[in-house]
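Structures incoming, each one as structure tokens.
In what comes next, subunit A is part of two complexes: it sits with subunit B in the first one and with subunit C in the second one.
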Partner chain A sequence: MQVVYYAFTLVFFFFAYSVLNWGLNIQFGGAGILNFAYIAFVAVGAYVAGALTAGPPAPGSGQSYVLGAHLPFMIALLCGGLASCGLGLFAGFIAFRRLRSDYLAIVLISLSLVAYDFVTNYVPLFDGPDGLSGIPEPFSGAFNLNANSFIFVFDAFSAVVMVAMWAAMSRLTRSPLGRALRAVREDQDVAKALGKNVFRLQMTAMLVGSFYAGIGGGLIVFFSGAFNTSSWTTPETFVVFAAVIIGGLGNNAGAVLGSLLVPVIFVELPKFLPQLASQPALVPEIDNMLIGALLIAVLWFRPQGALPERKATFDDLMAGQARW
Partner chain B sequence: MPADEVPGGQLAGAARPNQPAPADALHCVGLRKAFGGVQAVDGATFVVPAGSISALIGPNGAGKSTAVNVIAGAVSPDGGKVRLFGHDITGWPAHRVAGAGLVRTFQLSRELGRLTVLENLMVTPRGQLGESLWNVFFRPSAIRRQERQYLARALDILAVFGLYELRDHYAGQLSGGQKRLLELARAVMAEPRVLLLDEPMAGINPALVAQIAGHIEGLRASGVTVLMVEHNLNVVESVCERVIVMAEGRTLAVGTMAELRAHPEVVRAYLGGALSAGTAR
Partner chain C sequence: MVPLPSPCVNPYGLAIGFGLVTASILAIASVGLTLQFGVTNYVNFAYGDFMTLGAYLAFEINAGGHLSIWLAMVLSALCMGVVGVAADRFLLSPFTRRFPNLFYVLIVTFGLSLILLNLIGAIWTPNFQQLPVATENPLHLGPFLLTPSQVAIFGTGVALMFGAHLLLTRTKLGKAMRAMSDNTSLATVCGIDTRLVTSVTWFITGALSGIAGSVLAIDLGTITPAVGETFLFVIFASVILGGIGKPYGAMLGALVIGLTTELSAVVINPAYKLDVAFGLLVVVLLLRPQGIVASAGKA
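Then we have the complex of A and B:
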């Protein structure tokens, strides 16, 4: 039975990372925004959604965090997504006004590091390195679930969220908006010369991506019941980037494949390797090495990723059929 | 009625008195732009009459491209005024200038490489309903209607430019000449009032030069005002009725190519011994 729970845990991470990957994909693959701070947007969603469902910190528990409000988890999840959009708005106003590509990426890395240090050291915000824990499990009141049956129900819920977010993202990608974003990615000056408001378009991609990051983060916090500063470090950023690049930048199905390959297979499978008591850090290091090797192999042999960006065709429109 | 108006006709080279639209598509006064210590544009002043094909010529480093960049809003000027059909557009950001109807091309053709040829045209029209997040989710049928109109027009334009068969190729895969054609096709799709072409003939073969010149004349016939920076003086002579010569950031002379060939300063600064060769480069 343990194996079944474990498998359903992996299925959950597959769903959650698909959502995360789409968010990065619209920013990086769609609009060409190299958002190295992406994991910070995930963290904002997780912290805000988690804290809002939990109550205020119990006196004497030693915990201290803001926002505790006993909100229903779906509202909290939405708030997490919106809070992440708030950070996106802030980052966009700093970064998109004057900066491009590499410089933009540097500013976003810096933003991520500042956010990380701030959350770690300013304990009253989200309890510093200890982070949030004991976040109430969704549906626990409704279905009288135990810790194990919760996994099944929450998997189902995550599947619904994933399907809805896939539908929305694929509509966006194929729309004229998605096309304009790709024009910005290809050449900002040309886009401007054609009358595109590049700032507004980049901001749109930033906000949509941030929302996906926030929702993904919220799902993760409800599933694991805890979130702290070890949950959003550099390796986590690397996992999402690797997943999107390996799956195929600019392809939403590629992002799904990437979420299967990287966070699920390449991060989880090495955990079955026999542990060496003398080297407890060995397995996580093997994880990173394997992902790194896979990333190099993909960039070398198939830089467009496993499922490359699809060429837009207008055949259906010519035939007068809906492409929506 | 003004004294010099021909009865039943109109003022030579000027707007009809009862028509508010100014006759000058583009009016640049005292444009100045420096990069570090280099005064690239230093008081350039010129007018591009509506409905004309005008050329901007001059030696390398005369400030032509900078002038184009200033007019199109790619760089903001240090001084001077740019008026588009009488409206002051000085210092407007590039997308706003384009929104006002002034579309430019680039010296090195800049296609959107990983968009298809057809998409390069489809992305061009301004004010697309489908570029708003709200409309994408809540007005799909309005978007679809608009997309059908754009598609029909884009396919027509591609046919005219001989790119129809290549419509599903990535623009990055086109040859140099095809990229030039695509850039011009995209400019046509944008339905500009004023088109700024930065060296449209650079690096293309003679047969294609004639073809592109034909397209530019076609654009003018449809009411577009064209200003082109160009070094191929044969093209300038045959296509442009009005030539503006720049040197050292200033406007040196304005006239027809024939008049300029008799202009001693222009000959000294630019034409030099190139008269016999027809090009100066």
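Then we have the complex of A and C:
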């Protein structure tokens, strides 16, 4: 039973990270936005989804946070996605105006560091470092589930969400909008010369990606039942970057493969390894160093990733069958 | 270590004193970051972790070698210079030569930052390390109230800024760096050995990150593996404020950010004083993305 439970935990993270990877894939692989704050968008979605179902802080619990409500979890999940879009709008308005790609990365990474610092220090807003706990498990009431059977039902729900989001994303990538985004990524000036509104295209990619980040974050918070600021820091952003690049940048199937290769094998699987009593952080530290080294090696030896982006040929476009 | 003010002291005067100390730390760090940006034209996202590594090396040399913390700082700076050159020669330069697209090298520095952060955590544990700085009695200097260490940090900052000024204006190397910063191709056809200049620049940026990390640790009294990374966005703020790639702009930016953050701590909760730096960064980016002093073009 224990092994089955572990396996289903890994399957859940495979689904959730696939959603996260598509979000970064459309931002970075699609429009060339180097979003080093990606995890902040995931965290916003997770917090909003969690708080909207967990209810207001109970008096006497010592917790204090905003947005507490008892909404149905599907609505809370959507609200989480939209809240991430709100952050995306804010970041985009600062960062997409006349800025080079590395300025943009500086603004975004600073944004994530500041947001972390502020949320941790300003307790009344999101309950500071303690975060949320006791977020109700979706479906538990409806199907009368216990802690063990919850994971099967929630895995099935996550699978449905993942398939729906995959379908939406692959339609978007094949659409004229997807092509325009790739034009922006390849050369902003050329895209501008062709009459494309670069600011609007980048903002679109930012918002779609933020929505995916928020939904993925919501799934994770419902699965784990708690929200803690320290789980959403820069190294987590790096995991998503590594997954997207190793899987194959600009390829939606590559993002799925990347989800299996990096977050599942390198991040979630080692959590089941026995810890060293003297230094409990050592296993994750070695793990993170391996992910960093792996990504650098992949960038050098196979920059296109495991499943490369399929470049459209003229004949494909003529036949109307361009596929990525 | 912020000494308790006695009631007769003006809080704004005190804050200006601390602001000058913070500005000195920031100026050392910002000039190091911006010199490298100017010459190589990409941002090093691992710079904060370079600083942390420098601080831990100084701590280790100080504790293990029984040397004064200031001597340890100099030795740590030399080590970090070598680390900088090695990172450039074996990792970053190969990437920039092979992939003209900026994205590759930016992600590599981001990955290097993750590796260094976790390496530091694995070697020195994620817990606090206390620097063996003796409790010092603060000195009354005019309106300021500073410990001798803080005065020494200020002196170090001023001396290094003067040194950077001499380097950039009086030496062939400095002029070559400025030439590369303006236009690398033009500098190459003028006969400047750009690879050598790049290596020397990485030595300087590494050494400055080591000194900046050490003085930051001396000022705080403790070090954690994340100390450099949390300071990184404040460095970005002062670098962008002055115009990225411009050493004099970075000095001015450091002064503005240092004074603003410390003065803001008089009126708001000091826990948020670094967030003020981010607010300034946002305002500057919206109003003048090319920086206060720099001309348009780089942004």
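What we mean here is this: the second predicted complex is superposed on the first by the 307 of 324 C-alpha atoms of A that agree within 3 Å, B and C clash if a C-alpha of one lies under 4 Å from a C-alpha of the other, contacts with A are read in each partner's own complex, and residues count from 1 in each chain.
Keep this in mind: contacts are C-beta pairs under 8 Å (C-beta built on N, C-alpha and C of every residue); 3 or more make two chains touch, one makes a residue touch a chain.
Since the structure is predicted, the reported quantities are computational estimates derived from the model, not experimental observations.
In the superposition on chain A, A:Ala105 makes contact with subunit C only, while subunit B stays out of contact range. In the superposition on chain A, contact is made by A:Arg182 with subunit B only, not with subunit C.
Of the two partner chains, neither subunit B nor subunit C is touched by A:Pro274. With both structures placed on the common chain, the touch criterion links A:Lys192 to subunit B but leaves subunit C unconnected. In the superposed model, A:Pro59 lies in contact with neither subunit B nor subunit C. Across the complex, subunit A is touched by residues 42-43, 45, 91, 94-95, 98-99, 102-104, 106-108, 110-115, 117-119, 121-122, 125-126, 229-230, 232-233, 236-237, 240, 244, 269, 271-272, 274-275, 278, 281-282, 285-286, 289, 298-299 of subunit C.
The residues of subunit A lying in touch with subunit C in their complex are 32, 34, 36, 94-95, 97-103, 105-107, 109-111, 113-114, 117-118, 121-122, 234-235, 238, 241-242, 245, 279, 281-282, 284-286, 288-289, 291-293, 295-296, 299-300, 303.
Every residue of subunit B that touches subunit A in the complex is listed here, in rising order: 72-74, 93-96, 98-99, 103-106, 110-116, 118-119, 122-124, 126, 128-133, 136-137, 140, 143-144, 147-148, 151, 168, 170, 186, 190. The part of subunit A that touches subunit B in the complex is made up of residues 168, 171-172, 175-177, 179-180, 182-183, 185-187, 189-198, 201, 204, 208, 309, 311-314, 317-318, 320, 322-324.
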